[in-house]
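What follows is a single structure, written as structure tokens, with notes after it.
Should a chain be cited, it is by its letter among A, B, C and D, assigned in written order, with residues numbered from 1 in that chain.
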Amino acid sequence: MAPVKKSILDRLNAGEVVIGDGGFVFALEKRGYVKAGPWTPEAAVTHPEAVRQLHREFLRAGSNVMQTFTFYASDDKLENRGQNLKITGAKINEAACDLAREVANEGDAMVAGGVCQTPSYLSCKSEADVKAIFKKQLDVFIKKNVDFLIAEYFEHVEEAVWAVEVLKTSGKPVAASMCIGPEGDMHGVSPGDCAVRLVNAGAQIVGVNCHFDPMTCVKAVEMMKVGVEKAGLKAHYMAQPLAYHTPDCSCQGFIDLPEFPFALEPRILTRWDMHEYAREAYKVGIRFIGGCCGYEAYHIRAIAEELAPERGIVAPGSEKHGMWGAGLEMHTKPWVRARARRDYWENLAPASGRPKCPSMSTPEGWGVTKGHADLLQHKEATSSQEMKHVLEMQKKTKSSA
Amino acid sequence: MAPVKKSILDRLNAGEVVIGDGGFVFALEKRGYVKAGPWTPEAAVTHPEAVRQLHREFLRAGSNVMQTFTFYASDDKLENRGQNLKITGAKINEAACDLAREVANEGDAMVAGGVCQTPSYLSCKSEADVKAIFKKQLDVFIKKNVDFLIAEYFEHVEEAVWAVEVLKTSGKPVAASMCIGPEGDMHGVSPGDCAVRLVNAGAQIVGVNCHFDPMTCVKAVEMMKVGVEKAGLKAHYMAQPLAYHTPDCSCQGFIDLPEFPFALEPRILTRWDMHEYAREAYKVGIRFIGGCCGYEAYHIRAIAEELAPERGIVAPGSEKHGMWGAGLEMHTKPWVRARARRDYWENLAPASGRPKCPSMSTPEGWGVTKGHADLLQHKEATSSQEMKHVLEMQKKTKSSA
Amino acid sequence: MAPVKKSILDRLNAGEVVIGDGGFVFALEKRGYVKAGPWTPEAAVTHPEAVRQLHREFLRAGSNVMQTFTFYASDDKLENRGQNLKITGAKINEAACDLAREVANEGDAMVAGGVCQTPSYLSCKSEADVKAIFKKQLDVFIKKNVDFLIAEYFEHVEEAVWAVEVLKTSGKPVAASMCIGPEGDMHGVSPGDCAVRLVNAGAQIVGVNCHFDPMTCVKAVEMMKVGVEKAGLKAHYMAQPLAYHTPDCSCQGFIDLPEFPFALEPRILTRWDMHEYAREAYKVGIRFIGGCCGYEAYHIRAIAEELAPERGIVAPGSEKHGMWGAGLEMHTKPWVRARARRDYWENLAPASGRPKCPSMSTPEGWGVTKGHADLLQHKEATSSQEMKHVLEMQKKTKSSA
Amino acid sequence: MAPVKKSILDRLNAGEVVIGDGGFVFALEKRGYVKAGPWTPEAAVTHPEAVRQLHREFLRAGSNVMQTFTFYASDDKLENRGQNLKITGAKINEAACDLAREVANEGDAMVAGGVCQTPSYLSCKSEADVKAIFKKQLDVFIKKNVDFLIAEYFEHVEEAVWAVEVLKTSGKPVAASMCIGPEGDMHGVSPGDCAVRLVNAGAQIVGVNCHFDPMTCVKAVEMMKVGVEKAGLKAHYMAQPLAYHTPDCSCQGFIDLPEFPFALEPRILTRWDMHEYAREAYKVGIRFIGGCCGYEAYHIRAIAEELAPERGIVAPGSEKHGMWGAGLEMHTKPWVRARARRDYWENLAPASGRPKCPSMSTPEGWGVTKGHADLLQHKEATSSQEMKHVLEMQKKTKSSA
């Protein structure tokens, strides 16, 4: 067992930078353990070795937080997404907590239990119904004694506030992170107003995750900070953005890009893009800095390397990486050795190798949100009639663009 | 223990498609276990859990071959690249064989022991010296009883022939794979002539790996096939290309691209690009189809899915992937559900999200090859004087471009 | 002599669409009659045949307005730009009026006398001094009896108001057009506020020209319209944008793009882009629709063709152009004949043929405006010391970007 | 009348560089005097002022050759393209000769009478029939006493040879220029073999024009030169390429690009691209250097400026252009003044401002050539049934790509 660790709030209050991990859903989809579409985390039970290894990679890269692999691990979602509860939500949540704890104890990391938006909310269930879902997950987190809690990936501030209210009952520190950009939540509530409502609900840390690229997320969190300070409140700030460039997104983020989720490769950030993100996030005052979909360990390591001077800590994984590509000094070819320097990588505008592809897309998205019939969730896979309907909707939206 | 398996030659002679794995060096660099520059595989000893997990992902994706993680695992390379033989080449080779065997036995896979080009050859050592290096690795492969052998990643056919000659002494099947494109080896020997020399040296399988994108590699292997058939010889064919688009490469491949190795992200192939590759490779007559640098499990799975009709086999990992994105039928948003169809993904030209980046680069590379002073390898990291020299060389080359 | 023509205000009050011409400075630079840098119009005197021909091309394409080629034809500018008044401003203005009138009388067009921003204003001369410059040009316009007046290409609303005040003394209709985008003038005055001040100064038509691409200009004019209507005022609206795509511009427009003025080619709009512009401008309520730098006759013709249904007029030049490419029905190759249809051209995303170029640039511009020492104008060409200074400024600005 | 001029052969034999003009068809289409599709030059009769002005612009830019505006001015083409011979070919040819001569005499230029490929050849008419068409045009050229003759824009070497044979009967110098690239003519005859046949037929100057960008054309002419020299023959060489970047073309050139002819704008070469072309053409030994479709006067001037040191001549139009942008030293904004230098423009990779467009296209073209039913020419515009046929053909070709 590891010695008693400082809490997340101790660290942030002391001005430390806390480095988050990357998203598990996308990383494990690539590795073959998560199915795109349902996006559910049953692999915590069925393939613990894969989940454990991913935790270890992030730990080694410098992460101070092991988030439990419990995304969409609520029974309503599992049922909706065809898991038929062969493996219950509770089982998944428990297994995920154990894996996170096991790896956290191998290094200097905390365990964070996470809940996220529910199909019940989208389908207009009552506040009590939705809160009951969060409560069920929270019960596991309390039993497994996670270090703190994160309500993340919320598109509607109303549901995020409900989640924070439930999580606060535990007495543990609560972070609240929405998947919104500078345009605000799906009902148009600005980042600043979202943050104020979350802080008022009891969140000690607020920020955004997923849906947008790092620079966009930093901008949104900065707007949150301005809002919170204007309201005379106090909070810590977090950002866990995508590792995809998304300059062409509208309010709903990368889900609306035509490339989502199976052709996002050309948008993946380089490690040097991560240096820029880490620096900018730090400048803006964000101190809980991590990632989400698209991240691999080397992205997190780049954040740790950029902020090594401020933190005085080098990530274990940096034994396999020279700062700014210094390892290339040992490459066979001399013209590759010539790339072992910061200004080379900082100034490079990397080519896509795809001359027949554009650099920006037109996002889809039909402007429908919570309450719209097309968003009511059901258990069945899409029927061919429904598919016909969505294809027609799509055509109509395009021609009016 | 698994039942007696068919050999690679049994399979290929029977017309089966054998699916290879992806490259370990790049995948483990991203995960934090390999250092770019030296590119050596000591993690087989120091972090077996990471290597084992990567083997498992490829197995699950459909790979029939577990290549031992022994790239650059020759003592001359290890010494040259700063490992100081704290961990000997023999130890690394042994550990790598054990890991490959362990995972191969969990499914329907063979173990292939691999050797690759040596710094000794680049530094103009004698045939006997170079062969001794291969022999040392081979001794381990024989002791560990691998199923077959691959001489891969050779830029010069002369060295590749030497490797084949050594490997043939084992009596095991031998595959020979060069890292060349349609322009041939570094001394200008055409793919057809390279293949003939390799087959004459005893290789039963010939092909190319690394350095170029799938379509370019398929083209090069097709040229090999034409050469072999013209010479009245017989062989099986293999391709294990990059998962990076490289239309802008010259003869030495992606190493010369300015993005190598730390900004190749925008070039990563999608799973749909892999479908095209698998189909094209199959059409051309290639039956050992795998990958190299840049591959992750989902790329291999895409190959397996494309050729599922021919093979009658579905990869275990496909439980987490609907053909042509069918899993999206269970996505929350209806406009994403509308993407659950083949023609959507086949016709998409994915954007890079990088409007300030070009789509093609100008490769570097100074036209120097084996024998040139700048390519003599040494143990020390590049000195600042050497770095000055290479930066000057680089400037000169650019201004004359 | 032509019959008495309706005035510009008669036309606009009657709800007619008035089609402007394109810019002369850029078009004649390409043809060899204007020097980039000084941008002065002495060719009206020295090469009248070239100026006359360009007028004719626009007339033939459908222009209802022949603007006198008097851009930067004020004595202070001519002196500043090395013309040494060998040819006086008065002479240029007179010759330009005669050419415009000659061609206007060949068709259904009005002559508009134009003044634009002065180096005197940038150099902080007094209101009286600046107004005297406009008065001098106006005297010629009155003598030559132009049909109406345009104060165009102003970056500062203050100077534009001064110009309107001078032009109003003539009793002729006055249009005022600023070279600003949605961000407003160089001192941050919004388009809406600029428009209100111009209308209050007596301009009957307000809008924007130059500096931005059509869609950006339409947006800025729409903001002007909102401002004017909010203030309870009335006006007509005009747009004469660039024929260059400028999505990457900041407040000062295309001058700050690194491609200005000698590498803008890849940004040139197609005729189909012009159809979109004309439609959008019409929708927004703009009725004086023309162009500026980058326009050639076929761009103006495209505007006329798009609005032919509303106007019931076909441009003479359309005898040489089938709507939506119908002329291709007579092409030799059948696959080119297949392009003779609207949906083909509307949906085409044209390639640049430049795979090593990006699609967007980073604008320069040092944030300096009227009053800054670096903007004080002088007669001498840049000295080598000054050039050193600007290169240093540039470096500094880039590294802080 | 001007003094007796040196002939084209005197000049080339003396090692002089002769600068050609640009293409008239595309330039006058933009100005409203030529219809895309038929591409016929009746404007020589109907709008002489427009044709004369374009000649003057090229003369002023440095052209030493005024080509008669007689492209497609053969009766068979005029009839086929709907002109119904209201204006006979003879009349057009005569008017074009007069215009070229008038302007040539204003400066140091020769008049070249031009013939090009005929619909009769495509429709498989006899050698006698096709030659009769060339003879008819030649009769006018002899009557009008042009200085030399150019057989240009031939896709099939057989027809080009026939043209040369007819033109040779005049005793005037004959240049032969094909619209082919490095892949050779439409029947696969290599550039080298085409050139040998043309020289053997009597052409003193051989080269290529149209269809490909400058660098591709230079490469093709270099192949011609190698072929001619290998055959022990002698010739002078010419290039008159497009002013469009066409790296993505197949053997039939820019006609097959989806952007042809109405969306080629993003491909237009800058003046700096022209400097590169002029230098490269000169290096390869080409001494008759001009342009074709897409050229405007400033492109020709750039050629003249690049070769000014070799020629010792400055074009008249250069009074309006400082070498390498020197005129910008007199720009208002200091950051634009900073662009008045060679290395700035040489190193700029200009952006397209079109982030939703790719940089390369896939050419169409159905591989049909002379003799194929789809290429038989007729007088009628495409019927709706024919259009249906071509759209089906197009679909078929795309899906098999």
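What we mean here is this: a contact is a pair of C-beta atoms (placed from the backbone, for glycine too) under 8 Å apart; a residue touches a chain by one contact, two chains touch by 3 or more.
None of the values given here were measured: they were computed from a predicted structure.
Greatest Cα centroid separation from chain A: this falls to D. The interface holding more C-beta pairs in contact, when B-C is weighed against B-D, is B-C. Averaged Cα coordinates give chain B a centre that lies 57 Å from the centre of chain C. Averaging Cα coordinates per chain places chain A and chain B 32 Å apart.
Chain B and chain D, compared by their mean Cα positions, are separated by 48 Å. Of all residues in chain A, those touching 2 or more other chains are 248, 349, 351, 355-361, listed in ascending order.
In the complex of the two chains, the chain D residues touching chain A come out as 248, 355-362. Residues 29-38, 49-50, 53, 56-57, 60-61, 80-82, 119, 122, 213, 244-248, 255-272, 296-298, 301, 316-317, 319-322, 325-340, 345, 348-361, 364-366, 368, 374-375, 377, 381-382, 386-387, 389-391, 393-394, 397 of chain C are the ones touching chain D in the complex.
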